[in-house]
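The next part holds the structures, each set out as structure tokens.
Next come two complexes built around chain A: one with chain B, the other with chain C.
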Partner chain A sequence: MGIAENIKENLKLKIQNNLDRNYIRNILRIIGKRPVLAAYGATFSSRSDKYLNIATIKSISCSYNPKNTVAYGSLFLPYEMFHALDLAPFLPEVMGGFTGGLGIADRTLKEASARWYTPDLCTFHRSASGAVELDIFPVPNFLICSNLACDAAQKTFYMDAKKFGLEDNYYLIDTPYDNDESSIKYLAAQLESVSVDICRKSGKKLDIRKFKKAIRLSNEFRQWAIKASDIRKELCMYPKGFDGLNFILPFHGLAGTKDAVDVYKTMYFELNGFLKKQKRGNIKNTGIRRIGGGWTSVSNVNSININNNNLSSSSGNAGSDKVKKILWLHLKPYYNNNLFNLLENNNYKVVFEEISNVYWPVLDPEKPFESLAIKMLSHPLNGSVQNRVNAILKMAKDFNVDGVIMFAHWGCRHSNGGARIIKDSLKEQDIPMLLLDGDCLNKNNSSEGQMLTRLQGFMEIVDARYQY
Partner chain B sequence: MVTENNVPAFSQFIKNGKISALPKAGWLCTYTPEEIIIANGFWPVRITGRQKAKKAEGYFPINFCPFIKSSMEDLLASGDELSAVIVTNSCDGMRRFYDIASKYIPDLPFFMLDVPRNQNEFAVRYFANNILKMSAFLETISGRKMLLPDLTSAQEICNEKRLLLKKLSNFFRNDQKVIGARNYFNILITSMTEEPGCFNTDLRSYLEYIESQSRHNQETPAIESGDAGSRQIPEIMILGNFIDEERLWEIFDELDCKISADDLCSSSRYFENIIQSGNFSNIFGRKQELPNGEISIDRLLRDIAIRQLFKPQCMRMANLNNKIEEINKNIVKNKIKGIIYISQKFCDNTLLFYPLLREKLNDKNIPSLFIEIEHNNLSVGQIKTRIQAFLEII
Partner chain C sequence: MYTCGIDVGSVSAEAVILNRQDGKFEIVAYIITPTGGDSKEAATNVFNRALEKSGLGASDMSSVVATGYGRLNIPFATKNITEISCHARGVVHYFPDIKTVIDIGGQDSKVIKLDSKGNPIDFLMNDKCAAGTGRFLEVMARALDIDIRDFAKIFAGTSQKVDISSTCTVFAESEIVSLIGHGVAKNSIVKGLVYSITGRIISMVERVGLEGPVCMTGGVAKNLAVVSALEERLNLKIKVPEEPQITGALGAALLGYPKE
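And then the complex of A and B:
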């Protein structure tokens, strides 16, 4: 275990043993200090990972600082608005994921169950609600949510608002189904009205200059995120510790800040460096054809050193020395698991994730609310599942993937409900898809053995598609 | 089937079922304005998930709303009887139902009606515009334009139906044994599936009949059986989503309890809030009347939008405090002693509302029973035992 992992494990243990908002605040205050943060950052071998961790700690520290005006926000909101309003965002759903990583989800889920949240509901929301009830999460001043993608946030946020006596500071941004003129108008009006109301309650005036600044930074972050994604279209050789599925907080919660720009700029330069190394190395296009057509040209990366552990694959040797490219849909299990080890050990690489897809156009700083409305409505998870299918097909094509894995998180109706159409649409393009049933947070609701067996079966299918 | 007081059930009372030549348009959620369907020359038929999901299981994940799966099964089995289907953006499940049904039943035209969650001026304007789009969709299928007289006439039919159902509901609350729970909830389902004009005629006759029966019963001295007369029957409220389970309602007929209020999307959320032209338009303090007091399609659409958004609300709406207030009013008005909260499995909107409601009910010392059911797959014995135990407590 490296230094970074050791520090993380120690912090985890401390938090597990002291589940209390004030304790977490103190820890964050200590590690949030510049020298400590710099020392902590130096323990990461990947610069992208380092910047990600530093930005995350900074963001969470801000939301735990009682001097700041804190706003809970649901995942797909335009956070440029939060930063323009000087609100320190706190994303309970994302932090629900952290409860899995911190090993405290058992306790938060138990608390939610005791409060009549049935186990059929999404564990991200249940765990976040449990954490609020256990007084682990910071005290908000405002709670803003949307129904973009899923129904759950608007309910759990309301209950959180009630707990904190903030029903009047609860806002639902009602996201329309279609992306058309009337929807943009309806949504932009809501964003403006909520912003004005928050300013009024905070005793401030709405400062459009701050919106313009946030939007300019958002555009800059967008540009670097696209450049980093472009690099990944060719990249098979990643820095150690890099995991695109971990970047959900900066991608959403930090949009409109310099931190997001720094994270993605760093990612671009680091990945670009690796791409150059990859190109200098023993790598070539093999020209291998996939049976049944589809997209060709798969990189053969003989020089990649795969870490061995005790896991083995039953997928045989067919094509095992070729890197198979995987597109990952939805999220991943945040507790310790061997899914990604199994993939790596069999020369499978997650080359892109659905959550890393830059789905929105360049925003116009002169029309902040309209721009942010367009950003929300451009999300592939909004509206018809066909929007998502189109985005997935484009990603699959752009990244020339060999297969798609969709992690079917328990209780996620919007994502799992569209799985059949997504699978059929990929099948029409001759791309195999694995629907991996599990739970991102609750390891007791996931059978790892079953998941690994299914993953092995999937890899056999993908391997069998190559001719030599 | 007859009720306890030997009143024939509505289904038996209607001896000569009338068949309408109108093309049918399916709908699923009570936020769908039936007026628009009728005004465009269609017979609005609610898809109630009669079929047990078999083939539909292959289209949806295992942990998905069983009502939606059964609705898909209905469409797979008899979608060809419909000319169009209106789906609303009411929940995650419905959005995916729309996607799946429109992809795998390509010959059947579907329309997604976006219903706002907020209740304010922005939302009303947006919703009225969406209703207009829905009308345009139906116009392309019917091949004719909806005119003002079509809409006013459709509104009259819907208003009459709502008034009759309200009357039925009041009657049921006051004299539950005459109508019977199973019969009452069956009538409600019939009101959503039968041709509206014919249904109104039938229900009017039925109400006259049961009123005369009720008068007759009151004039005839009752023969007390056991201690039933001296016992206080607990007054309960039924709350939940779309519940269409005859065997569940039979349990209430068999037990000593009085359903004094119901708030389901298969009951009061369907018929409450009657449009009285002109009343709604002032809701935000803006008078929308034309200078000469004329009625326009725009004005009627606005009225419909307001009616729909401000009817007893589904748990999907933003302001959950309003929902709690609605429930509180019902509790006070009907002297409710306990609430039975019934939810379809995997209905996030309903399931996520219960923790909040339970806490509020606890503050008022109102006990509640939470029952999760699976559409078309009811575990009668188990549920009956739980309801019995709950009634004993209250």
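And then the complex of A and C:
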């Protein structure tokens, strides 16, 4: 175990043994000190990962600091607004994911269950609600949610508001189905009205210059995110520790901050360096050549390497030394699992993630609320499922993927509901898709053996489609 | 040139020793044994017994391919391949034109779609429970105190059936106990159970997309009641290998040969 892993494991143990918001606040206060944060950052081998982790710690620390005005926010809100209003955002769904990584989801889920949260509810929300009930999460001043894509937050956040006695500070941003002029106006008016109300309650004046600044930073982030994505279209080998599925916060809670810009700017330069090395041949060029329409016999199936002690992608299975490119849809399991080891061991690489997609246009700082409304309405999960299908097909084409894996997280209607049409649409393009049923947080709700067999079977199917 | 395929499932372990001569494959020996509590021991045992039966030694095997849920736990295997590819390959050996494979084993059931060359192109597996598997039938047979081998005779000779509403094995067992308590004829319960298990399989077949010819493999393929019910519901004849339980191991042995 490396230094970074040791530090993380130690922190995990400490938090597991002291499940209390004051304790977590103290831990964050210590980690948040500049030298400690720098030392913590230095333990990451990937620079992008380092910047992401530092920015994440900073963001969480802010939300645990009682001096700040803290606002709970649901995932798909425009966080540029939060930062323009000087609100420290806290994203219970994302932090629900952290409970899985911290190994405390069993306890938070049990607590939620004891409080009558149905097991049918997505575990991100359920675990977050359990953490609120257990007084692990920070005390908010405001709770803002939307019904964009996922409608669970509007209910669980209201329960949270009741617990904190903040029903009057609970806001629901109603997101229309269509992306048209009237929807933009309707949504922009809500964003403005909520902003004005929060300012009034906070005794502040709405400062439109802060909105403009946040939107400019958001545009800058967008530019770097697109540049980083473009690099990934060619890149086959990544820095050690890099996992695109971890980069959720820059797209959400950090949107409109310099931290989000820095994370993606760093990612761009880091990946560009790898691409240059790859082009120079210092890193094995593992480009894939697809044999058009030529299907190999089933006897060409190779043995899949599942040995976890041998994680080097260069030592993959016999006869398949080419990297096969995977587009990953939705999220991943946040507890320890062997899915990604299995992929890596066999020269499969997740080259892009649905969550890394820049789906919105350049925003106009002069029309902040309208711009943020456009950003929300542009989300592929809003409106018809065809919007998401189109986005996925474009990503699959842009990244020339060999297959698509959709992790079907238990209870996630907005994602799983479209599985059939997504699979059919990809099939029309001759791209195989694996629907991997599981649970991102609750390992007891996933059978790893079955998941590994499905994943291995899928890789065998993809392998059989190529000749080398 | 010999290869061995070993399929370690939750209920039984199978080994097939295969010989290829002049481009033709011949099954030299096969063994089927209960897996028991130790999958590694079961694999070793079934391998040794197959070697003994064939009169060959381990060194005669050019490869040993492991499959089944216990495939990762067989130290002497030269490679491991999923049941999905192995069943597909085993079926194609018997019936080269098959498009859909229904495999019902002790712990899982799966439907595999093949292309015109016998390559698996899609598959579905049952969710993480025993409903729709051999274990389901075993538990129900025990609850009914009926030999599972009599299911086919009972199914063919019974016109009445009761609907078994529970898909969960544990709940279905309780339901059966309750039905017996209410005096419902056991034969009608058997018929209902067979339709219950086939109902789950049919929905998987429909999701993958039914395309004939269809072949059934796995231990449950020996249960003619299930095969008949599936044929009735799919409205087509299902092909079953002579020994459907060794299809996975046979496929593994076939995949042990180098590419031609």
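Methods note: the second predicted complex is superposed on the first by the 430 of 468 C-alpha atoms of A that agree within 3 Å, B and C clash if a C-alpha of one lies under 4 Å from a C-alpha of the other, contacts with A are read in each partner's own complex, and residues count from 1 in each chain.
One rule holds for everything that comes next: contacts are C-beta pairs under 8 Å (C-beta built on N, C-alpha and C of every residue); 3 or more make two chains touch, one makes a residue touch a chain.
In this text, all values refer to a predicted model and were calculated from it rather than measured experimentally.
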Legend entry - Larger contact residue set on chain A - chain B or chain C: B
Inset, instruction - Name the contact category of A:454: first (chain B only), second (chain C only), both, or neither. - result: second
Inset, instruction - Could you tell me if A:117 is touching chain B, chain C, both of them or neither one (first, second, both, neither)? - result: first
Inset, instruction - Report for A:386: first if it touches chain B alone, second if chain C alone, otherwise both or neither. - result: first
Inset, instruction - Classify the contacts of A:59 with the two partner chains as first (chain B alone), second (chain C alone), both, or neither. - result: neither
Inset, instruction - Figure out whether A:356 sits in contact with chain B (first) or chain C (second), or with both, or with neither. - result: neither
Inset, instruction - Once the two structures are superposed, pull the chain A residues common to the chain B and chain C interfaces. - result: none
Legend entry - chain B to chain A touching residues, read off their complex: 58-61, 63-65, 89, 91-93, 95-100, 103, 112, 114, 116-118, 122-123, 125-126, 129-130, 315-316, 318, 320-321, 345-346, 348-349, 351-356, 358-359, 370, 372
Legend entry - Interfacial residue positions of chain A with respect to chain C in the complex: 295-304, 306, 318-319, 432, 437, 446-447, 449-450, 453-454, 456-457, 460-461, 464-465
Legend entry - Residue numbers on chain A that touch chain B, as the complex places them: 115-118, 120-122, 125, 147, 150-152, 154-156, 158-159, 162, 167, 172, 174, 176-178, 182-183, 186, 189-190, 193, 383-386, 408, 410-411, 413-414, 416-421
Legend entry - Complex interface listing, chain C residues touching chain A: 65, 69, 72, 78-85, 88-89, 92, 108, 115, 117-123, 125, 127-128, 254-255, 257, 259-260
